Each structure stands twice: as C-alpha cells, then as structure tokens.
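Here's the structure, in structure tokens; my notes come after.
To keep things simple, chains are lettered A, B, C and D as they appear, and every chain counts its residues starting from 1.
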C-alpha cells in the first residue's frame, strides 16, 4: 500500500503542502552509475513552474531543486535520491476569506470529510503544487531511460484541446510545442488560443484541456499482465494528476465507435522488421508494449477556483456563496503537460525494470 | 509488485488459461464473519458467462464456482477464499489455423515478444476468460460492502453506447438493464441495438461499446491521496479489463469542454444534509469520495478476432493474411458490464478498508 | 500489503485449511521458458510429507501436486502457476474433544480473538499443513535458480539440534542428511537421536529443534538495502514458518559474544579471486550477499499439541484441562527442513530478480 | 517492492548518507488529528544520538529534527510527515586512508559489488547514521499508539548482554535503563560493564550485545497470517538494523531446548479475565498477539571498524592490511536500543492499523 508513493521498482514518494516551508520527493530504486545533476532536473522544472506567462498562475516560484542524497561524484549510487524544493511565494492571507467555505468542484470538502482537519492555506496537500515533485522524479526517469534505451528514446506532450478550441493533430510539431505558452503542437492554433484564453480569464471563468503524450523508442514486451498492464498503470498514473477526469490509450474512447477492421492495426513485415499500418492501439496490446509509439491522452477539467460567484456551504453546513480571488491558472491543463510526461516516463521506466526482472 | 494480484487490503489473485483445465481466483483480506455461499457468487457469474444469447460468444460454460477454502459453517473466516471454475467447452483445434499467425489488434504478438512463448489455444492467459475470476471476486466484494454499508449500497452498470448506436442516459432504468441481453438501460434503444448488432456480426465484423457504472451508498472520505486516489485506482482497474482503451470519471473527457461554472458541482445544505446540485465529478473530488453517486465509464474497443480478412505477419516474420473463425463475441463490450461492476466493487471495498485503517 | 502472499517479484500465494477439500499455491512472477513438470516439484513434496517414518505425524497424505496453469508444452509461460494438493486423510472427529478448548502454546486462542470464529478441524488455516504449499513454491524457485545460476547452485538444510541433543556441525554431510529420518547431517548422532525422540514421544511430550540452511553458488550483490536486506527478508521468511521462535544469520546470536577481530571475516585475494578466511557473516554483509555460502538457522519450539495434560480455558472462559490426542509430530522441527529450504530458495530467487531489475 | 520504505499502512521512507548534507524520513499513512511536535520526537532522538558518553561514538550531532510537512496547527493532517536531520559533524578526511580498502565484516565490499560505486565517506548509506531516521519515525508511531491504546501502552528496550558480560533479567528495572549509559536494566551490572567496555575499547577491539524489547498494552488479535505474521514482521524489522545477526521472539532460540510442557504457556481464567502462567511465546501465537507483553530480542555483532590490524583486500583486489581509526562505537549494540524500540513500535502500529482494516 502506498498513499504518497508511486511506482513498483523505480518508486518516488512526495511530501509537502502548498504553503509549508518546502515540498520534496524521494526517488528510490534508481539504477546506479547514471550521470545526474540538478541541472538535468531543472530543465523540466522550468517547463512546469508558474509565473512564466500571463496564461498561468502568477505565483513566483523559482522551483529550484536541491539534491540532498543519492548522488556521489555526479553519479547515482543506487540509494534514495532526496530532492527539496522550497516554497518561496506563499500568500496564505489570500485564503483567509475562504477559510471556512468549500470551493465547489474542489477537494476542500472531501479532505475535510476524510481527515477531519482543514489546511486551507493554498489547498495544503491538495494543491497542484505537489506536481512539481513529480516533474523532478520524471526528469530522473527520463535520464535513466535515455541511458538504457539510447537516443531513440524521447517523450513529449502537447495540449490538443483548450476548452472549446481544438487543433489539428496532423500538424503536430515538437518544436512548436517548445515555443508557445500553451504547449500547443499546431502553430496555426496558437493565436486563436491566446485570444480565447484571455477572454476566459477576463470573464472570471476557467476552461479545461486535453493533453496528448507520445513516447518513442519504447521496446516491445513492457507491461505485466494482468493487473500491472502498461495501459492500466498509465491510466492510474495520469488519473492521479490533479483535475484529470478522463484517460485514453491510443484511440481511446473513440475506439468504441470504430469497426473491428478500422480499429485493429494491421501488420506488415519489411526487410525483417515488423511495422504496423496504423496505431489505434497507442502502442499497447493486451497491456504489453508492441514497439510502436506509445500514445495516451488525458482530460483536465476547468480550474475550480474561479472569481465568478458560486453557491456553496461552509464548515458549519450553512449555505453561502463563494468567489475565489488569488493567483490561479485559468486553465490548469496547460501546466499539466510536463506533469503528464513525468508520470508516463516513470511508468515506462518502471515497466522496463520490471520486465528486466522477470524476463531477463 | 503484483502481476496477477489486484487490490491493497482486499486483494484477489487470478490464474488460469482459456484452454487449461480450470481458472481460478484467491480472495485475500476478506473481513471475517460475512455470510457467503457459492450461490451468492453464482448470480454474478451467470450475468457474465458466454452462450446466453445470440449476441455473445457461443462457448458453453456453466461457470460454476467451487469454493475450496476460507468459509466455515457458511461464514468467511478471514483466511483466503479459493475459488475454482472449470473450463468445460474448450476447442483448441479451432486455433490450429492461427497457431503461428498474429491477430491484428490482439495480444498474440506482444505476449510472444515478451515471454518468447506462445499459448495459442484460445489466447491462453490473454483470453477474456480470465475475467470470470474477477466477477467471482467482485461478487464477494459486493457481499462485504452490503454487510458494512447496509441496504443503501448498490452498484449497477449499463451499456450506453453500442458501436455507433447511442442511447438516452436520461432513460436509465436499472430494471431494464436486467431484462435485455445488452445491459442497455434505455428500453427504447434495445430493438435498434438488436438489429444493429446482428448486422455487424453478419458482416463478419465487430463493434465497440461504452459502459457506465453507478454505485450508490458510498460514504464520503474514501480515497487515499496522492497515489491511491479513488479515481486513479478506478481508472487503473477499469483499464485492466481486456480491450478497454478509455476511462472517464463523471463527465470525464467531456469536462474538458465545460467552463468552470458549468463543471463544478455547487453545494447546498438542506435540513442539515449537504447536497450537490449536479454530479460532473462522478462523486470524487481530489481523489476522495464526496458522498455522491460514484460514476465511471469505460470504452471497449471492437473485438479483434473477426472473420473479415486482415493483413498480418506470422511467427517467422512473413507477411500473410488472417481470418478468425470460432466463437467470438461480436461486441466484447457487452459482457464487460458485470466485469466493470466487479472491478469497481473491489476498488470501493478496498478503499473502505483502507480508510478504516488510517482514519478509524 | 499481502496477508497470504510471499515475495516481491517471484511471489507465491497460498490458500487452504487442514481439513478442507484441498490446499494450494499460486506462483506468480516466474520467469518464462523454464522447463518444469509436476515431478520436479514432487521430489521436494515427498521430503516434507507426513507418515513417512515413526518420528513424524502418521497422517497419510500423498501430497500429489497438480499443476493447473502456467505451463505450456513443459515450460513455464510467465503466467501464474496454480498448484493444487488435495487433503486426503482428514479425521475432523479427532478434534471434537478440543473443539471449544484452547491448546496452550497454540494459535487456537489468537485466531479466535482476531477473527471471532474458530475452525477447530485440524487447526484450520493455522495448521502446518499450509507449509506443503510453500514447499511446492520453493521447488519451482530452485528450478529457476538452477536455470539462471547453473550447477554450482544448491541448497540444503539439516537439523543440528533435536531438543536437548546436539550434533557436531564439523561432521556435516549432505548425503547423510538424505539418509536418516531426522535430516541430521552428522551420522554419529542419528542412533542417539532415535532413542531420544522415541522416549520423548512415549512420555507424551514433545521437543524442539534447530535447523541450519546452507546455499551455495549465490552471487554477490543480492539484497536491497535498507528495508529489503537479504538477511532481513530471510529472517522474516523463516520466522513465518509455524512454531519458529528464533532466527540466526551466520554466527547469529553467538556473534554477540565475539570480539571484533574474531567476528569479522578477513579477506584474501588469490589468483584474482577474493576469498574470506571465515564465514561468521553467513555470506551477508550490510544486507547484501558477499559471494560466500549463505548460512541461516532457525529454532522451532516443541509441538504444542501433546498428550500430557495441561491447564487451559475454553471458549466460554472457564478453566479446564486439555490433553491432545491425534496424529501430531513429536518434533515439528524435523519436517521444517524442506520448508526452510523452500523459503530460503524463494527469498534468494526474489532477490536475484530484484537485483536484475535495479542493477541490470 | 520497497527498498528504502518500511511498513504497510504506517510507512516510512528514509534517505541520506552519513556525510551528505542531511538525512531524513517521510512518514506516510499516519492517522490524522494526532497532537505532534518536534519536541515529542526529539526525546527519542536524544537517546540514540552519538557523543553523549565515552562509551559511544564521539561524533557530535545535535540530531535536531525539523518537520517540513504533515502537521497543521500542532496536529497531524493525515498527509506525509517529512523530517529533516542535518549532518553537522562530518570528517570525510578520516576516511581517506581506507578509501580503497574494504573493512572486514563491513558492507564496504558488498555495496561496491552490488552498485559498482563506492561512497567511502563515513560508509555513505551503509552507515548506522541512517537509523536516526528510524528513531524519528518510531517516535511518531509511539505517539499514535498512545493515542489509540491509551496509557497502558508503553515500550522499552534494554541491553541484557554486553559482549561476554550478562546481567540478571529478573532485576529488570525500567528506571535503571534510563539512568545508565548502557541501557542496562540491572543496576548491579553497570559498574562491571563500565570496566569491561573501557578495556575493550582500550585494546583496540570491539564487542557485541543482545538487546531485549518489551511492549505492554498491546491488544490481542494483531498479526496477519500467514506472511504478515506479527513475529515474522518483527524479525524482519529487527534484522534490518545495522549489524544485527539474530532475532528471538519470547524464549526464542532457547525454546528449542524446552519440552512441550515447559514451553507452552498455560492459561487460567480469573474473574472473567484470561491470564497466561508464563510467557515463552513472547506474546505471539501463530503470528498473532495474545494480549500478553510482547517480547523480542536481537543480537548485534561487534563493530567491524576497529583499530586492531586486519587482513583485507583493496578495490584492485590486492592483499593489504587495514586499521580503522576514527570515531566508532566500541559496541554498536548500545545505541541500537532506541532503534529497536522504534522498529518494534512501527511494526505494532502497522499491525494495529491493518487489523482495523480487515477486522474492524
């Protein structure tokens, strides 16, 4: 059982609250002798951190990672890697007004019902601030995957739907994702999305998003049937990200609408190599990787902390209204991109190690 | 780590291949002193078993469960409950023609790549036959939930989309589900679905489905953040079912298209009881149950074993074609209903016990 | 969490009661493509089974193992191996007289306190009958270890203390162990032990034993600090055997009486190979194997089911006396030898696979 | 799987090396609403920390615990409690002379063989410094046990054997343990032990110890057969402590020498309460607590880092000699007392929560 630990062999444990002194992450089970520095991790941290554009939370955090253990002379030692990220820009007073009210659509209510205690300062442990720790763990997973698989391994995510605004997945461009503040893979959509999101924010509301993840270079054979299937573990991992309400593998929900012929990916052999003619499976069959690109997507609901007034109750069970001010993302889905990549990287590495254990 | 074991406290382990002598399931961690008989389990088994209508596989299995341990004088003892289900109607010769070919969209290929060995008889361990074991475990979970929660607990699933044919969820009727061979909750759709599925089968093809699950009576407070969230565990559980490619909690993927106001469920207090004005959350906020109805849905891809000829390769890597005859479901999604209920029941009970452990 | 499951990657789950229809074991995580038959397992089963000499229980069980899954064409497939062992010689009526009394030193009382239910027939799940399942799992572990490590791997256990009777460990002889009914490694002690144990039994009493286990061919590097140390896992495994009250690694408890110089095993290099001058460590340093012989021993308390009358209470809490007749071992420690070997084999294999996962 | 995590529901994960910037511990699964402060933890830390008498290591560490998460307004919130302990008195240069040599009886060699990397500074992760983290976790476990069980709960350990010097267990006195620097429960032995240990140290050698742990107030019914037995988990926990080579439950190894009558603890009922006439079982029968005092003991081998010269090899496999100077405990067993208490407290709490889960 593991409440705040993720993974089976490559495992990470996160701790910390939004407005405590720091948050952090322990990575355990990391293979030894992998070159690793704080800089390797910082790159991914910077992609997630708030305050970088006007489209995300204005909280100012440098999200600098300090490694406290597990590295000796620039290499992993096989012992736990402890990482610390300080909380620099806390404004707990912002939360005074909602101290005893529950935000509709927020975990305020359920945490209180479960634990009988409420840490109202920035959402406490419920806060998406926790995801910074995941990105740190994911950065290590990526380094290890690169070390084991080689250069052909890479993973990238993009926002393919921003609220009501879609984009053309056929225009997917990894470089474009790195350029715009929405992680949008389709250059043509960026301007439109910009206008749309500013309007959403201005109206005091918020919107959702769909993120797609793609991993290349993953060998076939990863995934442990029946209850540690690769897709099952990916679904659990992505659904554990704050505000996620749906997960697809490959064609996902859409596959329900396809015929057997349309859906099943035909195979061809060419000069000794087996190729699939399509990838509705998202690279996973029977819970085991097929050697194709691994594709998964997940839907993030709109931010529940919004300015527009909503009906709710307070801790005493009295009806009231709530309007949440403060520094919230108008679309939490945007910053979910590096988090999704991190979770997928951890799952893939975990399965690679698991497969090594059982199948040599 | 647990390849063929599901759950944390209430755990089950399944074993067995499609064409071996038997399959089975061990349930561990079951609370003691719960009244339980083979009949209690058989009811659910019968809802899943093949050969019951012309819309499912014609394999004839009585799916009779024998309890070999864990019950004394009609009550659970707290020790493992071992259940055996014999395979009665095996026709391994049906598989001779595809012995060395890989079915597109099937786990044939990936199992072979992973384990270097192929049990071609009915799919071996990949077969959905394994899910009979899950239904047996789920039946026990339901009995325990009824014992702990009382009569207000119930769980039911229905097919809300059959290939291209939808139904009106506003007409959801539990009794209707029990009557028609599609587990369809909307009486008005049944006739249409019947025609549609017969046409699909006749054409040598197959179709997918979407199943919705609803659980009532679940108390608030279940779910263990961050990495054993109730929705995360449900997503992993449902994605582990054969052929599932997508999972939604509450509004799921659709929530990405809603605004913050539309999506977040407002709360009202009435005579001391807190009620939500809607249920886009599917009864789960921040990974913890809110006391509302728990709602999840999942998409099942179309059966990959179809008569229509498909391009593929064989074990030697040579291009060939395949046409799969035999006794396959034209829509595996239909029989996934009791399996989904079983998995959700196990997850809910597991979280109830987990919550009891940490929060008393 | 795993109540009735043992292991991390190579895992087994046991089920069944002493007087139920059968007992059994599921082995999960077994590497694929290992040649395995029921005969390979039967050899070890026969070493443990009762009724073989006048020094053990006279219950007549053939302990024949039926493999129900996980093997195809004589090889493991990587999927769960289900093994069934029928209970043939049950005499539940033997237990009528103690049905409502608690045997001093027995788990009767604590099972009843924990579960609120009592399966008095032969001890139910508390019975050492469960250990037959462990021996089956251990036999598979040995086959896999032989397959991976090669011929230099072997494991053997011997009884080095039978009640008050010791033996000379310097006379340890593997062949002798296989010949006498006590698994005694020292030929000179056998006659004496025979007389001693007959006297113990005749007097209506019982005695304890100490068993030593030795494994050869184990490579260095197995063991995962800090909380999956090889010695820690061995200690937990051996202490889980019925009636075990103490565990030593290498010199064990005695090491407390040694000086730093006496205890620490000096090292010498000879033609490129490192040798230790002694083995007080039992082949484990810092929880990791050193490449030396792995040595562990464990103490089994005397059988608590004895004929001699003892003071106790009954289920109603009334003072009474108890005298246990039936077919009990005068020294349960003897048959613990193959069980100890089985548990050590499973731990060693598990750590070999774990090490493969993290360290390649 | 959990390399650096201990426990099932109440779990802790430790990280950090002897000469890194800090070490630490994350406690997960702690029940909410338990009053807890850094002071509550510090008391136990002070009992373990070095530099307190001339009989232990002279390393000067304040071992001050900083709580970074999981507490709000002085109470546990049910979320992970992160604790940080800085390393203040590192002298890595002390280790320059042994940088490339392996200390006989030390984990230097096996860590190098496993991970292919050597952190020679103070033993890195192998160092007993890690145990400070365990004491912090154990202090929290004790607070929770007191909160749930009430005042009748307490736990205390004492050194009952110091090298060749025993003591009289019949003189066991909890207050005496708190007074002398050896945690010796028998006042009469203290003076003798003092002389003995000074002589051992002066001779450049070291000695071992046996520690006994006693817990009162533990209810019956804790322990989950078969593979999470209370004694099995205790054995694993105690064997995981640095330098431990043997573990006893109750009479332990000695029980092998007793007859069935001597060993099994008879029961008597008096005014409705059941009492045992002795406690050879150490309060555990069939792996489940009986309601008696829980008693376990463990043997710690003599410190392997000694001044007296020893034969060994270096990293290049060349024969050499080693003499270890620095600040080492002449008997590491002494400071193992609070560590043993911590591990036992964690196991007991874990089983209490587990029992609550399954048995209500």
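The working rule: a contact is a pair of C-beta atoms (placed from the backbone, for glycine too) under 8 Å apart; a residue touches a chain by one contact, two chains touch by 3 or more.
Bear in mind the structure is a predicted one, so any value in this text is a computation, not a measurement.
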{"item": "Chain pair with more C-beta contacts, B-D versus B-C", "value": "B-C"}
{"item": "Centroid comparison with subunit B (C-alpha atoms), farthest chain", "value": "D"}
{"item": "Centre-of-Cα separation between subunit D and subunit C, whole angstrom", "value": "26"}
{"item": "Averaged-CA centre spacing for the pair subunit C and subunit B, given as whole angstrom", "value": "39"}
{"item": "Distance from the mean Cα position of subunit D to that of subunit B, given in whole angstrom", "value": "46"}
{"item": "Per-residue multi-chain contacts in subunit B, two or more chains", "value": "1-5, 8-9, 14, 29, 32, 78-79, 114-116, 125, 225, 354, 358-359"}
{"item": "Touch list for subunit D against partner subunit B, complex", "value": "1, 9, 29-32, 78-79, 225, 353-354, 356-360"}
{"item": "Residue numbers on subunit B that touch subunit C, as the complex places them", "value": "1-5, 8-9, 11, 13-17, 20-24, 26, 28-29, 32-33, 68-70, 72, 75, 77-82, 114-117, 119, 124-125"}
{"item": "Touching residues on subunit A, where the partner in the complex is subunit B", "value": "1-6, 8-9, 14, 102-107, 109-111, 113-116, 125-126, 130, 161, 163-164, 200, 205-210, 220-229, 231-240, 242, 244-269, 272, 274, 277, 280-282, 284-291, 299-304, 306, 308, 310-313, 317-319, 333, 354-355, 358-359"}
